[in-house]
Each structure stands twice: as C-alpha cells, then as structure tokens.
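What follows is chain A paired twice: with chain B in the first complex and chain C in the second.
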Partner chain A sequence: MRIINRTPSRRTAVLLGLLPFAALIVSYAIASHYRRLDNPADKLLPSLGDMASTFWSMAFVADKRSGDYLLLGDTLDSLWRLGAGVGTATLIALVLGIAIGFIPHIRSSLAPFIASFSLIPPITILPILFIIFGLGEVSKVVLIVVGTAPVMVRSVAQAVMNIPRELIIKAETLGASVWQMTTRLVLPQILPHLITAIRLGLVPAWIFLISAEAIASTSGLGYRIFLVRRYLAMDVILPYVIWITLLAYLIDRLLLIVSRRAFPWHHAGGNSL
Partner chain B sequence: MNRNFLKSICFAAALALPLAPLSVQAAEKTDFKVCWSIYVGWMPWGYLQDSGIMKKWADKYGISVDIVQINDYVESINQYTAGEYDGCSMTNMDALSIPAGGGVDTTALIVGDYSNGNDGIILKDKKTLADIKGQKVNLVELSVSHYLLARALETVSMSEKDITVVNTSDADMIAAYATPDVTAVVTWNPLLSEIVAQDNATEVFNSSGIPGEIIDIMMVNTETLKDNPNFGKALVGAWYELMGIMSSDSEEGKKARTAMAEASGTDLAGYDAQLSTTKMFFTPADAVTFTAAAELPKTMKFVAEFLFDKGILGEGAPSPEFVGVSFPDGSIYGDKNNVKLRFDTTYMKMAADGGL
Partner chain C sequence: MKTPPKVAVKNVSMRFGDVLVLERLNLDIAAGTFCTIVGASGCGKSTFLQMLLSNTRPTGGAIELDGVPLPDEPTPERGIVFQRYSVFPHLTVEDNLILASEFAASPVTGKLFGGARRKARAEVRETLERIGLAPAAKRYPAQLSGGMQQRLAIAQALLKKPAILLLDEPFGALDPGIRNDMQELLLQLWREQAMTVFMVTHDIQEAFKLGTRMLVFDKVRHDPVAPEAYGATITYDLRLKDGVSEPPPAMGALLPDPAASV
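And now, the complex of A and B:
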C-alpha cells in the first residue's frame, strides 16, 4: 500500500504525536547534564528537577516579600490583558469586517487604509501609544488591539464577501432589509469564520502581550520573564515559556471545540487542524 | 515503534552534543576573548582594540586578545556566564548576581571606576527625595538603579513598601518620562542627563551620595586567569597604558577621548561631562588602594543583602551569605566553601610597581 493511503491507528497516532516532544526533552536533558558536569550551578540549562522545583515554588508557595502567589497573579494579569485586547479586536473585526464586506462604499473607503495599516509593525509606534494612552494597562491593551485587529478585520471582511451571492439575492427577493440581512444572514454565516480569525489573531496577540509587559509593567507573565532574564534564571524562564505555550494551546483548543459545538454545519466538510 | 524511539534518542544525542561542551575547561591556551558594552567607564576597551594598544601588549606576552563590543549590557554578562568569553566588563552587583550566583568563579581583574553621579533619581515637579513617598517609580528592576533607590530610601527612613516600582526598559525611559503618569524615574547616564535637562525634572539623589558602591570592573574567569597569568598581565598592562594617555592633557589624550566620545554617540564635551560624574582610577595605585580599603567588604555586604532580599541569589539561597566573596587581605564575606567572586589586587599591583 502506498504511504499516502496508510493511516495510523489511534494509539500509534498518539505515540507518534508524543515522539517529537520526547525527543526534545531527552536532547535537553542530555545537553543540561553535560553542562552541569562542568558547573553544577549552571544557569543556562538547569536540570529538569530544578525547573520543576522552581515552578512549584512560583505556583504554590507564597512569595516571601509580598505574600502573593506569583504564578497565579502573573497569569491572571496577563490573561486579563489578553482577553481585553483580543475582545476589543474581535468587536472591531465584527463591526468593520461586516461593513467592509457587505457595503461596497465602505469597502472602497476603508479597505485600502486597513490593508496599509495592518502592515505597520506596532512595536515601532510604541512611544506614540505611550504618550497617548500612558504607561498603564490601556497602552498594553491597545498594543494588542493594534497588532491583531487589522488582520482580523480583513479576514472577516473576506468571509462576508465569500457568502454565496445566491443567498443574498434570495433574501432580497424575500424582501429583507439591509439590517435584517446583516443580523439573520451575514452574522450566522461568518461567526465560525470569526472564531477562526480569533484563533489566528491569538498568535500575534501573545507576542504583543509579552512585548508590552517587557517594556513597562509591575506584573504579568512577560514581566516575570524579562525581569529574571537579567540574571539568567532559565529555571524560571523555561517553565514560564512552557506554561504560556500550554495556556495558548488550551485557549486555541477551547475555541475549536466551541466552534464545533456551535456550528457543526461549518465543520461538516471533514478534517481541520 | 521501538525502533523509532531508539532512532530518536540517537538523533537527540547528536543534536545535544554541540550544546554540551560550551564551557570546556581552560588549561593553557593562547587566544582570549573579552567583551564590553557602552558605558562611559568602559569606552577605553573599544579604543584599546582599535588603537592597537591591546595587540601590542598581547604580542609582548605571546598571546592574542580579542575585545568585542556587545550592544546589550545584560546580554554581554550572560554570554560571559555561559562561557563564551574569558572576561567581561560589569558592575560589582551584577558580577555577584549573574556569574558568581551562577557558579562561575569570577575575579575582579581591573577595578576601573565607580559611579559618582552617573546614576540618579529624578522627580517630576517635586524637589526633595522625601516627596517620592507613595509614587510609582519607573526603573529597570533589579539593576543598579534599583539598588540606588533602595539605598536612597534608607537615607530618608523609607523602604520599598512606601513606593511602587514599575519595571521599565531603559530603551523606553525617555519616552516614558514624557508621559503624564510617570512622575519618578531612576536611571543612568547618558539617559540621566537627557531627562534632567527637561524643565520639570529635579535630580533629588544620585550615586555621589553612596560613593564607591556602584563599581565598574573588568571581571575574568578565575580558572582561566590562574592557568594563564599572561592573559591578566596583558589586559592590565594595556589598560593602564591607555589610562595614562587618556588622563593626560596631551594631544594624544584628547585624540583618545574624542574617539571614545564618538563611539558612545556624543562629542568630547559630552564625554568629559560624563567622566566628571565617574570616579576613574587612572593609576593602578589608586585602584589598588580602593580595592584593598576596608569599605569594600561593607559595600559587598549591602549588595549581597539587597540581592538576597530581592530573591536574585537563586531560589536555593538560604541567606545573603550563600555566595562567598573574597577580598585582597584574605578575608571572606559569606560562605567560605562557596567563594565565587574574588577581589584580587595582584595584577593591578604589578602595574603599580612597574612589573609588567
């Protein structure tokens, strides 16, 4: 049988999926072992046990100075910023995306601008954001919005334009107003695409969240990483990176499940990543 | 499946091997690399390389020394700690927290200068240090700025509980000061003079209030130095030859300072202004006197306690005395069995006695 027609059994599929992770961990452990032979206190590649115990104390032991649980506080603050940023971006994407995709005059006036705006690397205009929004929470949320909204707007607008013309003509024949078509036809059609747009937007959103927290902050996952980077505490940084990856993965999966539950018709087509 | 697993282990081992031997132990060698980053007291390192003075001294001892500039200060220390360089310019505080705290035995080869006003606290629209109470203070957390703030607060019977520290990248410090909600910053030169120049800014405390506590030093790997005394001799010899040139009012001295000024993005007047808030040890005798003085162990005790209080000496550190620091008179602060930072005047003394 040709290789393209051979599908692994469920058990093999899970094992195959774990293989690259196992390979990464084993290669790390070997590299760490050799470095620590030279210098048992090596900070660059701490042992897995060191990382686990540091992570444990960050997560479950109250900080001796402030009495807070650092990991919990950092995670909640970061998730709040991420949620506020992506939430705002989603709202903007929904409103502007439908307007641009559905109404040709708005499309002509806004589409080129948004296409250009989405190409500005947001970090480069950060000092302007600071002056306008201050150094507090607002500028961090705005950075996430600026970084994710334009791309999400474009992808929602494209989804609106991809709605089969026949559906719209049919609605018009039945005498629907523009508002009725927007709420009853366009909105249900693009909601699954909106979720996809959020999932894609979350990737840059995490990057901008971490960057914003690195620049001026008193808490957050990115804040902690850039703080301890000053003294090369990889035993804190690496578990935090894994934690961020895990959070991002869980949020992504959650959105996929929501999409599958709420819009089964959209996923009827077959496999999706 | 099993075969796949075995294969992946072999692959992993192959991948890991090049990572492992980064810090192969020195023994005798002839090629050395040291790194530095932009700071008024370290600009001579760049000039040593460009002017050929370093090469002259390295040739004299039959070795080669490459002096590399690294754009990011913390990154340069990290590279040194990871074993990429044999020496690196850094402050006494960062030497204790990063390489020494990370188990890399480090020796202070050349004590170059201390900050005598190069680090300062600035308040917006307020005139005295006591006004800082209750404010948000923007600074690079866990840096010498943070240490300076902690020491300054002690002088007015306050502690960090009376303020809120906001970690702010040095690259964004000037832009941050321009925003309305930033009312207090702690930073270093040349950012400091840039911010002080603004109308609403008052410098309420600077490092001349804690003289000799923020020290800028060429740190080298102790083991490398022990196996290769010529490396130490060449560096020290070259450094003090340039110090002699630089401090003179001669044409040659002016030329050297102008080159250093240009390399740090200012002009001769600007660089001389920065030098005036830096206590340079232009002669090896001055450096030896300072390093051997009784104040240094007290300073290092302050620094170790500050680092421990902030949790920087590592999660496993049970007390500020976790990492030992040795001084020229043989005394030791902290754990005698874990001495990782050594102040040693041997090589500077050779220069002072003309023995190089």
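And now, the complex of A and C:
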C-alpha cells in the first residue's frame, strides 16, 4: 500500500509522537555525559539529575532569602500578565473584528489603520510604553496587547467576512436586526475562529511577555531566566524553558478542547491540528 | 381600479462593468403563480432572482411588488432557499426553526430562554413532523443528508409566511429520487400557503412539472465583434396548465440541454 494511505494505529501514533522527544533527551544525556567526563564541574550541559534536583528546589523549597516558592511566584506573575494581555487583546479583537468585518463603513475607516498598526514591530514601542506607563505591570500587559491584538482583529474580521453571504441574507429574510444578526449569527459563527486566533496570538504573546520581563521586572519566568544567566545557571534555565513550553502547550490544548466541546458543529468535518 | 400584478418587472437590465447580463426584461406575474426559470449557465437567471430578493439592484428599469418599488434590502415578505448555505450550521434543526420567532420576540438578545424557548420548540414540532425531521430535531445541519438540509431550508424560509418564495436551484445537488419527494413537498406547500414562487432550475423537466408559468432566459442578439454588448432576455414565456409535465417535442429542441449546462 502507498505510504499516504497507511495510517498508524492509536498506539503506534503515540509512540511515533514520543520518538523525537526521546531522541532529544537521549542525545542531550550523551552530550552532557561526555562533557562532564572532561570537566565534572561543567555548567553548560548539567546532568538530567542535577536539573531535576534544582527544579525541585525551585518548586518546593522556600527561598532562603524571601521565604517564597520561586517557581510558583514566577509562574503566577507571568500567567497573570499573559492572561491580562491576551484577554484584553481578545476583547478588542472581538469588538473591532466584528465591527470591521460586518459593517462596510467601519471597515473602510478602520481596516487600513489596523493593517498599518499591525506592522509596527511591538518591541520598538516598548521604550515608549516604559516612558508612559513606567516599569510596572501595565507596560508589560500593554506590550502583549499591542503585539497580539492587531493580528487577532484582522483574523476575526476575516472570519466575519467569510461567513457565507447566503446566511446573512437568510437572517434578513427572517426579520433579524443588525444587532440580532451580530448576537445570533456572527458571534456564534466566529467564536471558534476567535479561539483559533487566541491560540495563534499566544505564540507572540509569550515572546513579548518574556522580553518585557527580561528587560524590566522583579519577578516572572522571563525575569528568572535572564537573572540566573549571569551565573551560567543552565540547571535553572533549561528546566524553566521546558516549564514555559509545557505551560504554553497546556494552554493551547485546553483552548482546543474548549473549542471542540463548545462548538461541535464547527469541528464536525475533518481533522485539525 | 385594476389591482396591480404581484410582481411587475419593467424594462429591467443589469450590467456588470462592460458586460450586459440582462436586458429588456418585461413581466407581470400574478399572485399565486409558480414561476419556473430556466436557461443556459451564465445567462443571468440567478441574477434575476437576486434582484427579486433585493440583494442586487438592477442597473436599469424597476421591479415593483404590489405596485410599489421593491425595498432596497432583503425583507421577510420574500423568503429564499439557496442551493447551499441555506440553514444555520451552528444551530440544531429545531433551533433553526424557532429562530424567526426568537428574532420577533426578543429584540435585544435575539434569543429565547427557559419556558419561552420550550414553548417555541413545541410550536415547531408540527412543522418538523411535516418535513420528516422530527427524529433529527436535536441534530446539527452537518449531520443531515442533503435532502434533509433542503427540507429544513424550505421550512425555515416559510416561517415568516412570505408572499413570495424565491428558490435558487434548491434541488440541484440532490439525487433524482429525493428530488421527486422534494418537488411534491414544495407543490403541497405552495398550494396551501397561496404563495407566488420563483424557482431557478437547471432541470427542464422540473420546470415543466412544477411551474404554472415558465420563463426561458437566453441571448437573442449577438454581436460577433463585441460578444458582451447584448445581454440575455426572456425568449419564451409559457403559461403552463397544471398537469403538463413533459415539454412538447418541438419545444424540447429549442431549449438548452440541461445536461450540457451543468
């Protein structure tokens, strides 16, 4: 049988999926082993055991100086910023996206502006944000909003415009007002696309979060990584990177599950990643 | 005073840029007519239906409804069934059918809740039985067959008791057997509700079987140098008696072959 027609069984699929991860871990362990044969105090590729014990103490042993659990505090601070930023961006995307996609006059007046605004590299306005909002929480959240909202607005607007015209005409012949069409037709039709937009927006959101924390912060996952970089503490950095990746992965999967549960009609046809 | 015809089409033409699609359309349609519209692909019959719907406006001439110019946008007095995308994919079958009463009852949310919604769902029970979708009431349109979806679409289009029902190749994507059942259902509904029906179809047999009046759209004037200079118009306007189901042999030769235009 041709290879395009062969699909792996559920078990094979899981094993195949785990394979690249296993390969990465094994090759790291080998490289780390040989480096430490040369120099037992090597800091660049610490052993898996060392990383595990450092991560354990970051997570479950209170910091000697402050008495805080560092991993928990960093994670909560970062997630709060991420949530506030992406949440605000989602709200903006919903309101502006529907208005732009549904009402031609608003589209004419706002679409070119949003398109231009979305091309500003967000990091370049970080200094402006620091000057306006100071070095506190607001500037970090605003950076995430500025970095993610324009693209999300555009993808929501596009989703609205992709609603078949026939459905909108049908709603008109059933006596719907513009507001009723918005609440009963446009909103439910684009909510699954909004979730997709959030999932895609989370990728740059994490980048802006870590960047802002690296530059000016006193807590957070990005702050911690850039702090311990000074001591070449790869045994902290690598587990933190894996932890951040795991958080990002879990949030992404969670949103996908929410979408499948809430909008079965949207996922009725075909596979999706 | 003489009552005006249900629909009056007065010297209507339609031009897209340099292309003249329709020209010199003149028609009076009496109330209760089942008007079928046939013609080759691209001859503007769907455009004509879109104009009756007010989704596009003619570039020349005027269309009147009961002696009054058509409104500028689609309204509940004209129901529509498209070939595709006619029902709301995010609503179950029964919720597709209560939508019109939800719009009427709830201006702010457009949604009914609790007891009011249960009542509305109970009210469409009979319609569901009628179109044979009662067992599928809780299913989403994507889980229905093509024929079931179009039955739902027709039932939904009739919710506001439109005086005019517009059908744009509603059975074009259906199997012949199912098509027959759908035609019977449509004829029954037309007789009961005393509507004026306009139906665009590719199927010439269907046009003869269902229609009390049949319009054939075609180009009559050809300019070999500028093929786009002239548009299609109504070349045959046939009053059919009820029960005529076969085209007369001579007519059949004149009409476009439905198979060739698919």
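The rule we apply is simple: the second predicted complex is superposed on the first by the 273 of 273 C-alpha atoms of A that agree within 3 Å, B and C clash if a C-alpha of one lies under 4 Å from a C-alpha of the other, contacts with A are read in each partner's own complex, and residues count from 1 in each chain.
Definition applied: contacts are C-beta pairs under 8 Å (C-beta built on N, C-alpha and C of every residue); 3 or more make two chains touch, one makes a residue touch a chain.
Note that the structure is a prediction, hence the values are computed from the model and not measured.
Residue contacts after overlaying the shared chain place A:26 against chain B, while chain C stays out of touching range. Of the two partner chains, chain C is the only one touched by A:264; chain B is not. Within the superposed three-chain model, A:183 lies in touch with chain C and out of touch with chain B [touch as defined at top]. Once chain A of one complex is fitted onto chain A of the other, the partner contacts of A:18 are absent, as it touches neither chain B nor chain C. Between chain B and chain C, it is B that contacts the larger number of residues in chain A.
In the superposition on chain A, A:169 contacts chain C only, with no contact to chain B. In the superposition on chain A, none of the residues of chain A is touched both by chain B in one structure and by chain C in the other. Remark: chain A residues 164-167, 169-177, 179-181, 183-185, 188-189, 263-266, 268-269 touch chain C in the complex.
Listed in rising order, the residues of chain C touching chain A in the complex are 53, 55, 73-76, 78-80, 82, 84-90, 99-100, 102-104, 107-111, 140-143, 156-157, 159-160, 162.
Residues of chain A touching chain B in their complex: 12, 15, 19, 22-24, 26-28, 30-31, 33-35, 38-45, 53-54, 57, 64-65, 126-127, 130-131, 134-136, 214-218, 223, 226-227, 229-233, 235. Residues 1, 4-5, 8-9, 11-13, 15-17, 19-25, 74, 77-78, 81-82, 94, 97-98, 101-104, 138, 140-143, 164-169, 172, 175-176, 178-182, 309-312, 314-315 of chain B touch chain A in their complex.
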